[in-house]
Amino acid sequence: MTPEPAPAWQTTAWLNTPRPMELAQLRGKVVLLHAFQMLCPGCVAHGIPQAQRVAKLFEDAPLAVVGLHTVFEHHAAMGAESLRAFLHEYRVPFPVGIDAPGPAGDPIPRTMRAYAMQGTPTTILIDAQGRRRRQMFGVHDDLLLGSEIGTLLAEMEQQRLEATGAAPAAGHCIDGRCEVGAGAATRNPLP
Amino acid sequence: MTPEPAPAWQTTAWLNTPRPMELAQLRGKVVLLHAFQMLCPGCVAHGIPQAQRVAKLFEDAPLAVVGLHTVFEHHAAMGAESLRAFLHEYRVPFPVGIDAPGPAGDPIPRTMRAYAMQGTPTTILIDAQGRRRRQMFGVHDDLLLGSEIGTLLAEMEQQRLEATGAAPAAGHCIDGRCEVGAGAATRNPLP
Amino acid sequence: MTPEPAPAWQTTAWLNTPRPMELAQLRGKVVLLHAFQMLCPGCVAHGIPQAQRVAKLFEDAPLAVVGLHTVFEHHAAMGAESLRAFLHEYRVPFPVGIDAPGPAGDPIPRTMRAYAMQGTPTTILIDAQGRRRRQMFGVHDDLLLGSEIGTLLAEMEQQRLEATGAAPAAGHCIDGRCEVGAGAATRNPLP
Amino acid sequence: MTPEPAPAWQTTAWLNTPRPMELAQLRGKVVLLHAFQMLCPGCVAHGIPQAQRVAKLFEDAPLAVVGLHTVFEHHAAMGAESLRAFLHEYRVPFPVGIDAPGPAGDPIPRTMRAYAMQGTPTTILIDAQGRRRRQMFGVHDDLLLGSEIGTLLAEMEQQRLEATGAAPAAGHCIDGRCEVGAGAATRNPLP
């Protein structure tokens, strides 16, 4: 089963970014897409803090954290003005797109529908080639999410080496540290 | 800076395993070595539960979690009998070695000294080739630890592919799920 | 320093109650007034869950938990419609009044001003005689809040005994249990 | 049902105190007796930290926190030497008695038996007259424990007033603050 390209994002506005974002722009980076609603308790207590931790821990790595406000209930209560205040108060630093409303009669917004999300919070990992690699509904473990991010980052580095034939370079930088990678040794195992 | 082979373990006894363990036996697996003292509050509150979470989450992956009881203070209070009761009460499932006492006059046990650990808890990651890749003193983040485990597991899979020339196989199993890997696609990027 | 009567509440609407509430109606009960804003992170993470725990733990005791939505910033983002959705999503069970807007030019609503609150969350304890006994800004400890509630409930029971000359009756019911009080023994100490 | 006098403590040694303690010495104070085992996970994670919070929060109040090491399993693993190291490492500041072993063949120590404790952790509240007022097995809520402490402290103050006919004095000091009580007003309600 080969991973499929992640659907494009359909949004009406963006906050925390000077211009709208498109998934295609992020080719070459691992993307964590966090879909939430500002009045969803599980998002506020777990999902958003986890996305914030990822954004901070991997700020020097080729990884982008992007939020998506996928309102599918209480639409009047979660307009753009309320979302803007929410992002300010909760110190959410990453770009957040507002998912485009569904066609008449559909309370589910368009990107949420395209990804067949089951609800909020939903965390999606997209690899450096734009393919959807993981989609998780609900609360999930930092260890698990971390290991999947580590896997995608290691894959990306491996591809870079293969594509360039270059000497192995620095491993990824995380948590404010950049370390020499084990690429050389990895490819030339100890006898 | 090439990673160096991890020092051998010097122990006097093992619990939770029918026979003593040696690091060399674990070649081909990623190893998380958790050094602790049973009366170290940070170990009990954070380190050991984290090692338990790793053991459970990655139980189907080529990863071994091993404990090391590195007593460097209150030696009389943390003998083998007390440790045995501790492991039972805290439901620690993985093998635990008792670090060999240091030479006369040295309160630091031998493996702890060989690894130059700063205290407890200390978490050490050793790759599938037996090389020490990370050593962390104190409490650290699940996301960070997870990403480093994911990186080492991905490296190992990549090496396996290169060594065998085999078709890419299943990605690693984690959290009770085994998923088809992206190896093929990884090596044959989308145009 | 004698406790002073708590200021009356000035509100424009009430949610979670069929009719508006007034402090004077609650004479004879201990009142926990929890002032919050729906987009205040400390309120959502700490203050409101604590008020919910109090409401549940003391549901059989003569104690009323009342919320007050004291919006002093982002007014447009926290209107009645948004608050209604918030209370629904967070399963807030107790009555919540919307604090009346201040006079022109004052962003601080009227009850918040009358109580001289410093911000949100603020937790206020009012005794059975309608007197303000404690006002706490920010996060505070369950043990501390619990002991102050216990003190006010015990005072109330003591007054009841003095007023009626009645035989000591059941102690207060908490946590779903009603226990025989120690009133008799209290007033007739063991020799 | 009138509260009964709490059984006397039967111990073999005391730590964290220059001389052995007896319950009778503590008449005039509310006593929180925390029974634990040093290798009981629930005690270490919940019971002992809660007793420590009570000791700190009420350090200026007429309340004594006392520990009791009630070993009923793994006796060899939890001797006095191990306990001493445990109390040091976990920074337990209050006196801890070692419960006296039961008669031959009984693994349950004597005080544990006399109080009919079901296991550890067990938290017991004894009022200023030496009567057992509450006994709770397992983990319990800070709000609940706090309210019961507040009730016992308020009772004690009330009795003091009745006994002396004195003018109402300072309420109890908690959390490092001593506040003027509401005694006067309580006894002379506002018109």
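So that you can tell them apart, the chains are marked A, B, C and D in the order they are listed, and the count of residues begins at 1 in each.
Everything that follows uses one rule, which is that a residue touches a chain if its C-beta (ideal position, glycine included) is under 8 Å from a C-beta of that chain, and two chains touch if they have at least 3 such contacts.
In this text the structure is predicted, and so the values were computed from the model without any measurement.
**Student:** Over half of interface residue numbers shared between chain C and chain D means same, under half means different, so which is it?
**Tutor:** Counting which numbers both chains contribute, over half are shared, so the two copies meet through the same residues.
**Student:** Sort the other chains by how far their Cα centres are from that of chain A and give me the top one.
**Tutor:** Checked the centroid distances; the maximum from chain A is D.
**Student:** List the centre-to-centre spacing of chain A and chain D in whole Å, with centres computed as mean CA coordinates.
**Tutor:** 50
**Student:** Could you grab the centroid distance between chain C and chain D? Build each centroid from C-alpha atoms only and quote it in angstrom.
**Tutor:** Spacing between the chain centres: roughly 29 Å.
**Student:** Based only on mean CA positions, could you tell me how far chain B sits from chain D in angstrom?
**Tutor:** Computed from C-alpha means, the inter-chain centre distance equals 41 Å.
**Student:** If a residue has to touch 2 or more other chains to count, which residues of chain C qualify?
**Tutor:** Nothing qualifies.
**Student:** Considering every pair of chains, which are in touch?
**Tutor:** A-B, A-C, B-D, C-D
**Student:** Could you please specify the touching residues of chain B with respect to chain A in the complex?
**Tutor:** Residues 1-3, 5, 50, 53-54, 57-58, 127, 129-131, 133, 141-155, 158-159, 162, 171-172, 174-175, 180, 182, 184-187, 189-190.
**Student:** Can you list the residues on chain A that touch chain C in the complex?
**Tutor:** 39-41, 44-45, 74, 76-78, 81-82, 84-86, 88-90
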